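In the two assemblies presented below, subunit A is common to both, partnered first by subunit B and then by subunit C.
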Partner chain A sequence: MSVERREARQPWILLSPALTAVTLLLFVPLLFILVYSFWLRTATGADQVGFFFDNWQEALTDRFYRDILLNTLKIAAITTIVCALMGYPAAYFIARSRGNKAILLLLLMLPFWISYIIRTMSWINILGVSGALNSILLSLGIIHQPLQMLYNETTVILGLVHFLLPFMILNVFVSLEGIDVTLEDAAHSLGATRWQSFLEVTLPLSLPGLAAGGLLCFVLGAGTYITPLVLGGPRDAMFANLVFEAVITQLNWPLGSALSLMLLAVLGTLVLIYNRYLGMAQLMKGLG
Partner chain B sequence: MDNTRRYERLLERYRNGDLDRRKFLGLIGAAGLAYGVQTPFAREAMAATEQVRFDGWGGVVSEAFRKYAFDPYTAKTGIKVVDGTFGGGDEYLSRVKASQPGEYNIAHLSGVFDYARYNNLGLASELNEDNIPNLKFVIPKLVDVFRGVTNGKLSCVPYDYGTTGLAYNRKHISDEEMKEKGAKILIDDAYKGKIGGWADWRTRMWYAALQTDQDPNNATDVDAMWDAVRKHRDLALKYWTSGAELMSLLAEEEIYVTEGWSGRIYALQEQGHDIGYMDPPNGFGWQECLFVIKGSPMEACEELLNFMLAPETSIAVAEGQNYPPALDPTKVDLGKKIPTLPAFDPTGTLAGLTFANPDYWNGHEAEWSKMFGRVQKGY
Partner chain C sequence: MGWSLIRLWALLVYLFMFLPVAVVVLLSFNASQFGAFPMTGLSVRWFVELAQNEAILRAFRTSILLGTLTAGISTTLGVLASLALVRYRVPGSNLISTFLIAPILVPEVVLAVALLLFLNFMSINKSFTLLLFGHVIFTLPFVVLVVQARLVSIKRDIEEAAMSLGASPRQTFFEITLPLMLPAVLAGALFAFTISFDDITGTLFWKPGGVETVPTQIFAMLRNSISPEINALGTVMIVLTVGLPLLGAAIARQLARNRGG
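Take a look at the complex of A and B:
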């Protein structure tokens, strides 16, 4: 075997464990889900093997699924915008702080040590009728009856922001860290104010990090089902809740498969658009 | 004939010249391959007889099972009990459906309709009742319902029963008002934003039948029932999804009235909360059972069921979870606490409770569960 051929094979040999894992743990299960989506659930709950388009037809034409999908995308978009508005200043502060950067980053990572479900449920103790906020307002005499703050779309968004904010901050932080600070000094020396140098230099250069954080927040937010379950009211379901209901409550795995692939296709398209215009490299930096 | 003997004979035939060297080595190689392939599975099969998996609702119930049934059973038989938990019957059925036969063995299932669902999916085993002598202590009516589903045979033993009645905060709703309004209080505009409900289509439709003055086991005006479900949805603050959430919503006064599980409400009352509980006429009665899944080691499971049905175990579990045991009070002394539990029937006839007709409810399952998923979300 020639040296060139051997060298050409080496990357594939090194990559083979990872490729095997991705194939077995991602592509093969996805293939199973795809096959399942063409089966049917019978009246007894058993699956009817075959090649039927019924689930796809229902998922694509029924207004119910379309409306919930749009609502899911709306909630994910609002969450992403709130995360960006709250996360950018925090990331900027950490990136420009001197000396205590490691401690601030550690504090940022701290919530990850607590279960996501516990973090979500903690809002019940804060915003509930007998929660901390109502107790404080009542004891200060600001209100005379507890306010009903829980179990609506706002609390769902609040829970999602709580969950996703660190992802946004980390991505923006990585982007800001990569910007040469002397560029801002150069802008000052040319007469720009601090605000102008931020707007004209720092912000444009950090946009890839903001976009990467935005993409992560949006995709993770759109795929969640715990937050609306814990903090939402009767009408605040998101698309992942429909998948859960189809698979678990209705034991309709074929329809659940079609719905999950539909969500995957929508979110996958967004990732492809992102990759087309901004590339995945920035996202990898943030995740790294 | 064991394997050693087989290999000795093979060697003898080779030495006698009945087999050539090539064929002998080929057979030895094939035997080695077959042994290598079957060993992991054989090990699994052997292990299955050395342990039984039990899945239940966790918490105090599991603790009582461990103390009064699993540990004595292991001490007597040497068979280990692997103790698992699940959050809900639907979730557990999905896990069983995705499993290999024998992976899951005994489950603490809720309702006769779940029993029928497992049977419809081909997951029902057939118990040898001779191996479960403690079955004689069980209320006959509870056993007969299961026999009706599986052609006179049993795949489970009944274990406890309870009701899903109306729970209300006495600070805000009087006993008199509850008696007057009954199930219709859940669609009373006066309590908008302070009403709760279980996110379970069967319970919603059962109560919708009561709210529209229909027989829950034979309702005819289904449209009126969906309207009642919608009205309840519009007035409700939240659908709860677990017993813990039900207790939290009532204890924190997020809601004043909901339907609730009798044992959970009793636990709240024990904790000192002023929560009332009422079973309206035709209130939702249900029973739980210990179901043996097809493919399980039957004798080991039957012996474990017998341990679990022993009066000492059943009573301890019942006192822990606040649901009356399936034991017949005319045959077994149930102690002091159990007669005070909600839904307890001292006659052992259960004539005052209305149970779901599994044929009727499972016949509507596919349609109604899907429809409720939509109505729940505003449709």
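Take a look at the complex of A and C:
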């Protein structure tokens, strides 16, 4: 074999283990559940191989699934908006502060390393019947009975915001860092007020970061089932909880496949739209 | 708009991020019988009980073994792939990059279901092997992203200099490239370990009955009520998952400094 041929083959040898892993452990399984979603789980628990539309009909027309899907999207949307409102000014502060930018960034990265389940359950210590907030209010004499603040939709959103806010801040920060500060000064010297120069120069230039953070918050928020289990009540199930129920509790795997693919289709469409207009590069910047 | 207002807002956001976590740490030293306020005094009894809880110790062993194997495998795969993407002109490298990070573009629940059902069809039941496969595929994209970002900054010139001075490609790789890459490799491995150690979304789908990792153990304990033991376990987790990366970063900096000086 010539040297050039060998040289050309080398990268493929290096790539093949990773490519094989992703193919066999992600893409083939996804194709498999697509096929599986047309099978039937019979009363005896065996799978009936074939081409049945029953699971898809149930998943697409049952009001129960549709309502929970819409509710899941609503919760994800509120979470994303709250993250943007809370995160943007914080990211702006870090990007423009003259002091310890490295320390501020490190503090921001810390939550990424603190376990998701710990951060989620930590709210029970704050909002629970014998949590910090109730005991403060009781000792101040403002209330005489502990308030029931946990286990509703608001606490689910609170938990999601707490989990996803760092993703938003980091992405906005990355795009704010990339903006030439002198642009704002230029707008300022040309007569714009600080607020105007922010609205017309800085904000539009930082929109890609805001969009990347928003996409991450929305997709990760809409795909969760742990937060509603820990911080939600019995009626706060999200779509991923239905998937978990179907696959793990009811063992109806064909229906679970159809529900999973529905979730993938909805969230995947968002990722594709994002990719079409902004490209994946922006997202990688915030992740890497 | 006032800068002081923005500063106040940022301060509140930081408080929001850290206050609940700080309360977990505070309550883990609570002397009271119940894991809640009011605190009756400081004590380390919950850490002692933790160290004697066989179920939790078993979960720790499982998580550490799983995390270590995951880090080893996915770092190997990720470093090889990153080398190919950064060092060679590969046709369609953008597409390949997207392909390799696809596991984090798909919602984790969907990935979990697909892998569980497919491997079950291939007669690999819920087992440690399934957990390992799942954790490897889920951590691989992070390794690729982290390692690729750092590899770009290693200049090719140094390798070319070594080769022109008579080093073989193999010698060049082991004596020049690998040592220069070491911080990137360590960062990738650490990242993979931490993500695996933390994971619960996929793990709950893949774990066989009776096997618990630390997060699923905490989740199972939450079903009863929040006990001071959970807070103590939380504190240990925070120290581990925050301490390890900081330690890793310090070591990487030290390595870089030694090499530079």
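In this section, the second predicted complex is superposed on the first by the 269 of 288 C-alpha atoms of A that agree within 3 Å, B and C clash if a C-alpha of one lies under 4 Å from a C-alpha of the other, contacts with A are read in each partner's own complex, and residues count from 1 in each chain.
The rule we apply is simple: a contact is a pair of C-beta atoms (placed from the backbone, for glycine too) under 8 Å apart; a residue touches a chain by one contact, two chains touch by 3 or more.
Model, not experiment: these values are computed from the prediction.
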{"item": "Overlay on subunit A: subunit C relative to subunit B, clash or fit", "value": "clash"}
{"item": "When both partners are placed on the shared chain, which of subunit B and subunit C touches more of subunit A", "value": "C"}
{"item": "Touched partner set for A:235, first subunit B, second subunit C, both or neither", "value": "first"}
{"item": "Touching partner for A:186 - first (subunit B), second (subunit C), both, neither", "value": "neither"}
{"item": "Partner chain in contact with A:60 - subunit B first, subunit C second, else both or neither", "value": "neither"}
{"item": "Touching partner for A:130 - first (subunit B), second (subunit C), both, neither", "value": "both"}
{"item": "Touching partner for A:111 - first (subunit B), second (subunit C), both, neither", "value": "second"}
{"item": "Which of subunit B and subunit C A:45 touches, first, second, both or neither", "value": "first"}
{"item": "Subunit B versus subunit C as contact partner of A:148, first or second or both or neither", "value": "first"}
{"item": "Touching partner for A:199 - first (subunit B), second (subunit C), both, neither", "value": "neither"}
{"item": "First (subunit B), second (subunit C), both or neither touched by A:249", "value": "first"}
{"item": "Subunit A residues contacted in one complex by subunit B, in the other by subunit C", "value": "124, 128, 130, 229, 247-248, 253"}
{"item": "Subunit A contact footprint on subunit C (complex, rising order)", "value": "1, 6-7, 9-10, 13-14, 16-21, 23-24, 27, 34-38, 76-78, 80-81, 83-85, 87-88, 90, 96, 98-103, 105-111, 113-119, 121, 133-134, 136-137, 140, 142, 144-146, 148-149, 194, 197-198, 200-201, 204-205, 214-215, 218-219, 222, 226, 230-231, 234, 237-238, 241-242, 245"}
{"item": "Residue ranges of subunit B touching subunit A (in the complex, touch as defined)", "value": "88, 90-91, 93-94, 97, 117, 120-122, 193, 201, 233, 236-239, 241, 248, 252-254, 365-366, 369-370, 373-374, 376-379"}
{"item": "Subunit B partner contacts - residues on subunit A that touch it in the complex", "value": "41, 43-46, 64, 68, 124, 128-130, 148, 150-151, 229, 233-235, 237, 242, 245-253"}
{"item": "Of subunit A, residues touching subunit C in the complex", "value": "10-12, 14-15, 17-19, 21-22, 25-30, 32-33, 36, 86-87, 89-90, 92-94, 107, 110-111, 113-119, 121-126, 128, 130-132, 134-135, 139, 162, 165-166, 169, 194-195, 198, 219, 222-226, 229-230, 240, 243-244, 247-248, 253, 256-257, 260-261, 263-264, 267-268, 271, 280, 284, 287-288"}
